[in-house]
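Two complexes are shown next, each including chain A; its partner changes from chain B in the first to chain C in the second.
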Partner chain A sequence: MEQILANGLYLGAQYALIALGLTLIFSLMNVLNFAHGQMYVFGGFVTYTVVAQFGLPFIVGLLASAAVLAVMGGLIEKFLFRPVIRRSKREESTMLLAAGIAFFLDAVILLLFGEKQRGVPKIVNGVLNWDMRIIMPYDRILIGVLAITLIASFILFMQYSRTGRAMRALAQDRMAAQLMGVDVDRYSMIGFALGAMLAGLVGGLLVTITGINLGMGGPTSVKAFLMIMIGGAGVISGAIAGGFILGMMESVGLTLLAAYGDITYLVIFATLMVFLAIRPQGLMGKPWG
Partner chain B sequence: MTQTASTQTSAAPAPRQMLSFENVELYYDHVYALKGVSIELMEGETVALIGANGAGKSSILRAITGLRKIKSGRITYLGERLDGRPAADIVRSGIAMVPEGRRVFPLMSVKDNLLMGAFTRTDKAGIDQTLESVLTRFPRLRERFNQQASTLSGGEQQMMVIGRALMAKPRLLLLDEPSLGIAPKLVQDIARAIVAISRDEGVSVLLVEQNSRMALSISNRTYALSTGQVVLSGPSADLMHDERIKAAYLGGEL
Partner chain C sequence: MNAQTIQTATPKAKGAIMTPVRLIGVGAYLLGVFALVPLFIAVTGRWDFYYTLTSVALLSVGAAGVWLTFYIGRINIGQGAYALVGGYVSAILVVKAGFSFWATLPLAGIACAIVSVVIGLPILRLRGVYFAMVTLVLTEVARLSALALPVTNGAKGITSIPLPGELAVFGLTIIPDFATLANPKLAFYLMAAALMVVTYFVLWRIVNSRLGHLCRSLQQNEELASSIGVNTAMLRVLAYSISSFFGGIAGAVFVAISQSIYPSSFVVTDSVNFMLYCFLGGLGYVFGPMLGTLLLYFGWDLLSIAKQYQLLIYSGSMIALMLLLPNGILSLLDKKENRQ
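Moving on, here comes the complex of A and B:
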């Protein structure tokens, strides 16, 4: 039992970080970023390159992923989403654009990093064994703690910084935020950069545990959408709740349902369909939009 | 401060021009919203814009705040051209707006809502000082300081968004239908608050109202609009007794 909870927490923290980035972009710009999983994969490869190829410390690799993805996110917003949003009145346009970016990033990843599964050497060795109740390698614990720290920092940033407040205002009432003097273009770009950065950070964190490969992008996007559907799109608390719930469900499923074959995701999807039929706005609702 | 804007008279000559519209035209897609509107507002003055729905009152405010681009004509603010400047710039130059329908940030606390009003300011001490004065003016906001804005009543929300606009320390305050959807008893409070603000802070006020009686009673001058044009203007005290105004705007109202 403890083992399942610990695994769920560890997984949930990574998932929540991914969902936070996705929900931030959605709430600020009403854009469903289908390329979120690819951004995560890209971040993983950046960390891999810096750590395994250049032989630099892990933390440098992680910061490099954050920086590269933040810049990439900012550029994507400024040169792709902004002009499309300005010229098109239809929401499908940004969806198509996001899907296009996903395919494009897949191609770029293939060109730059190849199709092989990549990983980095363990950053810490050893395994925690608490009375045979929880057995967890130290590197997983470290990555889990890092992810939770990042979630906490993100919440504090959104809650108490001037920039965070402006982004919340923008998400809740675009026109009123504009009247307060919030530069919509500038903060949309900051938000997109921040969302992409979070995806990159998770990629950098998980490359140390599970490694990274080209094929992980699409499924990660799907999982991220699951999480914000569970929690309620556009809500920070919803993204976190969705992330941890999916992490827990996977952890429970992989342990309890293993005997019946690989049916965890089948059960999760079926449950989610029923859940959404009853509560389409997700747990935390979707109070704006 | 400079001079106090008395409410019922138009005798005091205004010192300098705060805002002017010269022949401003504005479209929504292909529909005219403003057809050659010229208005002006002097420093310290409270000017009301009255008229039916769709007369163009709110379009005037949107043109000032840069939310809508004008088609032709000219808007000047303190002698400088205003139209064409980005919305954030306009706020920074001292123009704050209380939008129609209040537009609170529903999931933010009263505190954060008010702080958003001071978004363009960077003087920490000054912001704290303004916050204190807003909370003194609207004691209910102090009681609800850490509550989510969506839990406030309509009247409290209206007080909060007026406070939010004051947080910018504006020289020109734009109010778009502050009485809309507010209980009649509270409309009085809001009217009093507007008078007090213009008196205490020396702010010029441009007030858009469908409640013409309220607007006429607290403003120095009034412009009556109809289908995107100014059809009548003058000192509010005179217009209050004007037969045309009575017939068109004061008829069946409370």
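Moving on, here comes the complex of A and C:
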């Protein structure tokens, strides 16, 4: 049981970090970023290139992922989303753009990094064995702790920094924020960059454990959507809750339902459908987003 | 946002009358689809185009359904799920119960419509991105169910499904047995094209009927519509089930062509593509999804000469198109009407 909980916490921390980026972008710009999974994969490949190809330390790779993705996110917002949002009649048009970007990133990843599964060598060796009750490799623990630290610092940043306050104001009411003198364009761009950076960071963290390949983008996006549906779209606490809940459900499901075949996700989806029928806005979401 | 949606909706309102120009347009379109395309292929000898164009026709049938859900103001990224359900219903009925393919075609559509009512009742209460995300997950649910259920044969799928047989009424052969035809590719193309034409005619009729007007009221303001006595819950489910009916039929024909179905026959990417076809063509026009499907699918096929740069060029031009015409290609027509 302790093992299942530990696995769930570890998975949940990763998931929460992915969902945070997606929910940040959604809350600021009302854009459902289909390319989030691809950004995650891109971040993983950047870390792989820096660590495995150039032989630099892991932390450099992680920082490089964050920097590359932040720049990419900022540019995507400024040159793609902003003009389209300004000119389109329906907000949903951004979905086509987001899907186009997802395909584009897939193509870029394919050309730059190839379609092979990539990974970096373990950053810490050894396995924690607590009385045979929890068995977990040290590198997983390290990644889990790093992820939780990142989540905590993200929350502190959003809560206490000037930028974070501006972004929260923007998420609450775009018009009111603008009237109060918040530079909407600037903070939208920073928010998008930050969301993309988070995706890149998770990619960089996970490349050390699960490795990375081109096909991981789409499923990751779907999982991220699941999490923000559980927690409520556009709410930061909801994204974290959704991430941990999905991580726990997956961990518990894989253990308990293993006897019945590969149906964990089917059960999770079915539960989600019932849950959303009762509470459409998720755990902490505002009604109708 | 509301004022803007009204603007998108107006060009269609006066579309119910068959003006001579319109009739000529439809005639030219039918001639093109049923005569010019086969002629062109026969002259150039590009027989592979038949498969591409058949797919275009079928995908646009599915996209027509997605467009209808857009019409009630919902973003549907779950059409792949219904295509998969329809495909499996048809395949199972043909292989295990010995039905004729032609009987399974409407049955597949009806089965999807029933499933969509059950699923739609709870989830259609959701709006905006929430509905979009749930429908996206739905495709994944369909794939996983197909893997887990015993009747679908799991990951092995159902293979060697016989070609559609003869369709006869009172001993009179309407459609000959596909297996005896010299050129089944042409037959499939004609069947898919006919299906597409019928679907879009039905869609056009729906949009210009009382039902269409009610749907438009839903798209603009659901609370207002329900406050003046529109049964929004019923209408939403109805539109969604018609949409899923189209999806199921498209899936069933796809299965008949490829003679096989696997859980991964329709995945999330296909569902997203259905939505993209609608966006690209333009949501304000009934024929938008058809144009969008043709451009995206056919364009993708033609780009295969670019080898490894195929996806790059494809997605790059998609983004460029979005920057130039954020409201879809047919929004070009909007501007013309505004200037008059």
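Here is the rule we go by: the second predicted complex is superposed on the first by the 286 of 289 C-alpha atoms of A that agree within 3 Å, B and C clash if a C-alpha of one lies under 4 Å from a C-alpha of the other, contacts with A are read in each partner's own complex, and residues count from 1 in each chain.
Heads up, the rule we're going with is that contacts are C-beta pairs under 8 Å (C-beta built on N, C-alpha and C of every residue); 3 or more make two chains touch, one makes a residue touch a chain.
Note that the structure is predicted; figures quoted are calculated from it, not measured.
Counting the residues of chain A that each partner touches, chain B and chain C differ, and the larger count belongs to C.
Shared-chain residue A:Glu2: touches no atom of chain B or chain C. Under the contact criterion defined above, the residues of chain A that touch both chain B in one complex and chain C in the other are 288.
On the side of chain B, the complex with chain A involves touching residues 65, 67, 86-88, 91-92, 96-97, 99, 103-108, 112, 115-117, 119-120, 150, 164, 168. On chain C, the positions that touch chain A within their shared complex are 1, 4-5, 7-8, 70, 75, 119, 122-123, 125-130, 132-134, 136-137, 140-141, 144-145, 147-148, 268-269, 272, 275-276, 279-280, 283, 308-309, 311-312, 314-316, 318-319, 322-323, 326-328, 331.
Listing the residues of chain A that touch chain C in their complex gives 26, 30, 32, 34, 80, 83-84, 87-93, 95-97, 99-104, 106-108, 110-111, 218, 222, 225-226, 228-229, 233, 261-263, 265-266, 269-270, 272-274, 276-277, 280-282, 288-289.
Of all the residues in chain A, the ones that touch chain B in their complex are 162, 165-166, 168-169, 172-173, 175-183, 287-288.
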